[in-house]
Amino acid sequence: MSGNTFGKLFTVTSFGESHGVAIGCVIDGCPPGMSLSEADIQPDLDRRKPGTSKYVTQRKEDDKVRILSGVFEGKTTGTPIALLIENTDQRSYDYAKIAQVFRPNHADYAYIQKYGIRDHRGGGRSSARETAVRVAAGAVAKKYLAEKLGVTVRGYLAQMGPIVLDRVDWAEVNNNAFFSPDASRIPELEALIDQLRRDGDSVGALIRVVATGLPPGLGEPVFDRLDADIAHALMGINAVKGVEIGDGMKVAAMRGTEHRDEMTPQGFLSNHSGGVSGGISTGQDLVCALAIKPTSSITTPGKSIDSDGNAVDMRTTGRHDPCVGIRATPIAEAMVALVLIDHLLRHRGQNADVQPATPRIAPQA
Amino acid sequence: MSGNTFGKLFTVTSFGESHGVAIGCVIDGCPPGMSLSEADIQPDLDRRKPGTSKYVTQRKEDDKVRILSGVFEGKTTGTPIALLIENTDQRSYDYAKIAQVFRPNHADYAYIQKYGIRDHRGGGRSSARETAVRVAAGAVAKKYLAEKLGVTVRGYLAQMGPIVLDRVDWAEVNNNAFFSPDASRIPELEALIDQLRRDGDSVGALIRVVATGLPPGLGEPVFDRLDADIAHALMGINAVKGVEIGDGMKVAAMRGTEHRDEMTPQGFLSNHSGGVSGGISTGQDLVCALAIKPTSSITTPGKSIDSDGNAVDMRTTGRHDPCVGIRATPIAEAMVALVLIDHLLRHRGQNADVQPATPRIAPQA
Amino acid sequence: MSGNTFGKLFTVTSFGESHGVAIGCVIDGCPPGMSLSEADIQPDLDRRKPGTSKYVTQRKEDDKVRILSGVFEGKTTGTPIALLIENTDQRSYDYAKIAQVFRPNHADYAYIQKYGIRDHRGGGRSSARETAVRVAAGAVAKKYLAEKLGVTVRGYLAQMGPIVLDRVDWAEVNNNAFFSPDASRIPELEALIDQLRRDGDSVGALIRVVATGLPPGLGEPVFDRLDADIAHALMGINAVKGVEIGDGMKVAAMRGTEHRDEMTPQGFLSNHSGGVSGGISTGQDLVCALAIKPTSSITTPGKSIDSDGNAVDMRTTGRHDPCVGIRATPIAEAMVALVLIDHLLRHRGQNADVQPATPRIAPQA
Amino acid sequence: MSGNTFGKLFTVTSFGESHGVAIGCVIDGCPPGMSLSEADIQPDLDRRKPGTSKYVTQRKEDDKVRILSGVFEGKTTGTPIALLIENTDQRSYDYAKIAQVFRPNHADYAYIQKYGIRDHRGGGRSSARETAVRVAAGAVAKKYLAEKLGVTVRGYLAQMGPIVLDRVDWAEVNNNAFFSPDASRIPELEALIDQLRRDGDSVGALIRVVATGLPPGLGEPVFDRLDADIAHALMGINAVKGVEIGDGMKVAAMRGTEHRDEMTPQGFLSNHSGGVSGGISTGQDLVCALAIKPTSSITTPGKSIDSDGNAVDMRTTGRHDPCVGIRATPIAEAMVALVLIDHLLRHRGQNADVQPATPRIAPQA
């Protein structure tokens, strides 16, 4: 396939450009019989939406989702579910001036090299706007996982620039514009954003996602491991440059006695592996993280070239987030949910005969 | 598919257990007309092979590869290339004692939960032995990339436990058992391995892989981005817990002015993005890294359970590497090469009409 | 995947129910740089549309297609092309009476067994209305094939019930409501339709499709042969029960001396094989045929059961074609075009290095 | 993928050339816990094997299959099952003379056009020898279908040239070298083969396959319908030119009142549709047929060209079947079984929540 379809049994095929008519997707493989309406999807879209606070871009994206198919009398039918989000705020003129130049560290140059043509309006297909579609599809996956398996998928902002948020209170995450798990640090976050605006600069972020309630057994070794597919999903989000499972990059410096998760009849004694062993879920919490680069759309001028190859000094104007990572939490949750539901369907297709194995121990002792 | 096939157009289907009859793979989609023999593949297998120095496991794996099909009179024919590596050193008795217990942090527990049955001999399918197959397939991909495109894919050990190797001399990498890029640090590495043996412990590692000479345009947004597929490939290697592209996880703390790669008519001024922008190669070096956990097979006893759910104290015996990361360099190179060739075939299938775009600038100014 | 995506590199993902909000599809993998607008697609939709003559159903389906994405300033960009056709004539009341019964030989019973739920309105997802989407996607494929390769894909009605049309004048095919290649037989076809309406009955049909101008080399043995993928494509059209390549079913009674296509330096002497040999195109015309069953939606009552398992006498009312095969010609053309473009992209991805082989002979001596 | 992998969840990846080292395959996705040994596979290979009677080619192919992986202590483990069949009778000299000419109606010309190179020894990859691999993989699928679902997949010779075998006694099929379902017609079949040998000619055949005991619900509309995937599977067998489901091609001449399968509380009243409705199995017998062309390898000389483009008179020598269709019965059974198991796994992955629907009626009243 050509890169815009995600998943093997629960597939999401995404389409749409930032300033085109609409963006949307087709979900194929959603199990039948689940109640579903726009009201199940809209809340996650609203969480991702720009313009909800002064700390994110003030573009107005209505992001109203419509279900075009696959639902009958309020229930999924097992046929494809098409979701459509019309683009209402298409101020192309904001972008006309960048039609002939390549913004540094944007996809502009790579797209023209690959396709020989690009829709420059708002980044076209490479715009973060496309991620709204993933959030919408992820909401459907999350609903199924929650209702059928009791699995919850939740994320939070773990770091923004120099500010590391290591105290996690899940009850706070959705109460602030930053998805910060620590309410006491919000003033610091606000101050940093204000400073960045003044500096004409941007900053990176770290998001952590945790899935709780997973059954053991999800993941298909050797290539389509659960963690490998999580990595594919998260590295596929715009601006992500690093992905971790469990202890992540710091395992390079760890010792075996320190890292291994010992097991007792009462449960696991630790979760350094982040819930995945040999590429298969263990029943512990799935814990993963993603690092998002600072957006390159900043007002501090930078060197670039135009489409004739001439040197230009480039200064991005328009409405941009000083930290695109802030809005990435619902996107990351969505991608993790899409991986999990796909692996659930694959696993139960192949292993329907397997009796739940004994001994099965608790996620935590 | 069910997880043992990698790639879309250049596919590798892997099979085999650590102590079964043989391991091997089928490569489907290799372009026809390339000269190929076992001699093109064996050197990379020998680089990965255990027992080549006292710093890695002393198991004797002959790892002699045979080409069973797809090559005629010394050239590839475009039909499937089957590679076979027979298992010659199958001392199952070493492993009989672990048949009824789950080694902590190994795949044992997850496999039994998923499949209800497991081949416990040497880890069966979850053994690192399976990675020999990837190295063999990767050697075929590397040859094509080098001969047709002038692309080289090379890796090195960037960190082992606390020892960070930041001086890179490519000429040294294949001259030592550690794939260290800095000959002067080898005594330190040797001392650490000796210490770990005495401690009955193990340590993690960081491998970096660099692909040079890539054309711009490889990668299929939005889901099958080049970097997303690299992440899938590398996180799919046994024991990997983190994957980075370019600046990787540390982008979370960076500013936009610091991270963005400015462009001039003479070339890029930096490569923080690791050669990928918007999921598509830019023509700069592709730079990625993977963190490998310390092996859980250590002689220091650890808590675990047996197949009846009883608590046991587990002490792994047998021949194990104190740092499995040492042998991971050729594996990581192979996986990167497999991603690149697959994307090359996909790209030229879809975009054969595209004229090389102007302006195309140099990887580095 | 879950069955609503067609193709590997040029993929079409279809969605929508007969009486839902809309039907449509996402085309992923269309090469960039081709001019495209709704005007390139609408004519084929109009050819398929019901209500264009008194010989087909009088339902009014507007079938106005809109391009939602993937086209910028009149040219394809290489990103997904979403096509949308809104449903405007949704007289569900016509179908309310069949909500609780299973129409004989319709998909009703099979859908409820598979999914436990079905959208009964007009057949829901199993309605022939879904094929409008294929025609739209096929129009895009046909345009590329024609412009880049000079390949034309054309079909005609070869048989309707007892009437066999064996004189082919391509110039006539699109001049009549039957896609008859023989204008002189049209009165017979009209008389048969009138008779069927009086009888409350329906009749089957045979469609033949011919692709001219194909390069040799398309098709991926051994499973994804060109002819195997054509068979998959055509048997996947509603109501098709048989598919033939070249001489088709009658090869069972033929002798080798009669069937083999001899070759001379001037070209092939015959085309019994229908343009495919060993699963690969030979450069001759691709010739295939499909047999379409008589529609089961007839006014003559038939035995069936209701959703409680009780016997019922079933008489389909509403607007139905006495011969659904009449409208199948553009659908079959579309499916053949989709197979050809997909194989073209796959072939040139893998075999870009292959020099056009000598000797290459003419399709016909 | 590149054409040598069949299936989505139960995949078979085939490799090997007629006169290479070995042929074989990797089965990925076989459910764990099924007992399996070579003895489960060998009987079907022996049924397909040449040289078992004087009516088929006297080549000696030992066709001894070995299981290389995926089975532990006599049971499948859920990991890939590699099957290997070594080539023992490689008399390449028989074929040396055809290295520089293209046999009419063979794949020779198409392969050289596609790949620019071909393994001419015995047809290389395009040889019917490759089908041994499919038979081996199909035997694994058949075993699972039989043991877990009570589904049997059986075929027979329905026509050879002018001889139509319409009396079916399943007990006779495997008692004769022709897979004839009617013992009384065997002398006629023998006489025809003898005549063809004298004439230096060959003849086509029709094979019919019936699967009994299928649950309703298998098949994924709209593209991956059960019948569409059967068509893909059967048209993908060497030399097949036509595929039918149920009444097949003759539906073109039928009326709706004649073709529709009426339903009663006691069961279906007929099975014209061959067990598939809307692309989904109904629970009735799946009935399909395939037409196999007369082999082009005949001793009567025919016109062809050599690799310099010169006209040659071609006379195939060597050991060839006057009717390759005779040996196709086990191959066709295997392909049907592979489609069924794949759809079973897909169906139960997606629809595990669906309660068996009421009313479910009998296959036959």
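In order of appearance the chains are A, B, C and D, and numbering begins at 1 in each one.
The definition used in the following text is that a contact is a pair of C-beta atoms (placed from the backbone, for glycine too) under 8 Å apart; a residue touches a chain by one contact, two chains touch by 3 or more.
Chain by chain, the UniProt names read as follows: A, B, C, D = Chorismate synthase.
No experiment lies behind these values; they were computed from the predicted model shown.
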item	value
Chain of greatest Cα-centre distance to chain B	C
Copies chain D and chain C - interface residue numbers shared by over half, same or different	same
A-B or A-D, whichever has more C-beta pairs in contact	A-B
Whole-Å separation of chain centres (CA-atom averages), chain A against chain D	45
Inter-centroid spacing, chain B versus chain A (mean Cα positions, whole Å)	26
Contacts with 2+ other chains: residues of chain A	1-5, 8-9, 14, 29, 32-33, 78-79, 114-116, 125, 221, 346-347, 350-351, 353-354
Residues of chain A touching chain C in the complex	1-5, 7-11, 13-17, 20-26, 28-29, 32-33, 66-70, 72, 75, 77-82, 84, 114-119, 121, 124-125
Residues on chain B engaged by chain C in the complex (per definition of touch)	8-9, 29, 31-33, 78-79, 148, 221, 345-354
Residue ranges of chain D touching chain C (in the complex, touch as defined)	1-6, 8, 14, 102, 104-116, 125-126, 130, 159-162, 196, 201-206, 216-225, 227-236, 238, 240-265, 269, 272-274, 276-283, 291-298, 300, 302-305, 307-311, 325, 346-347, 350-351, 353-355, 357-361
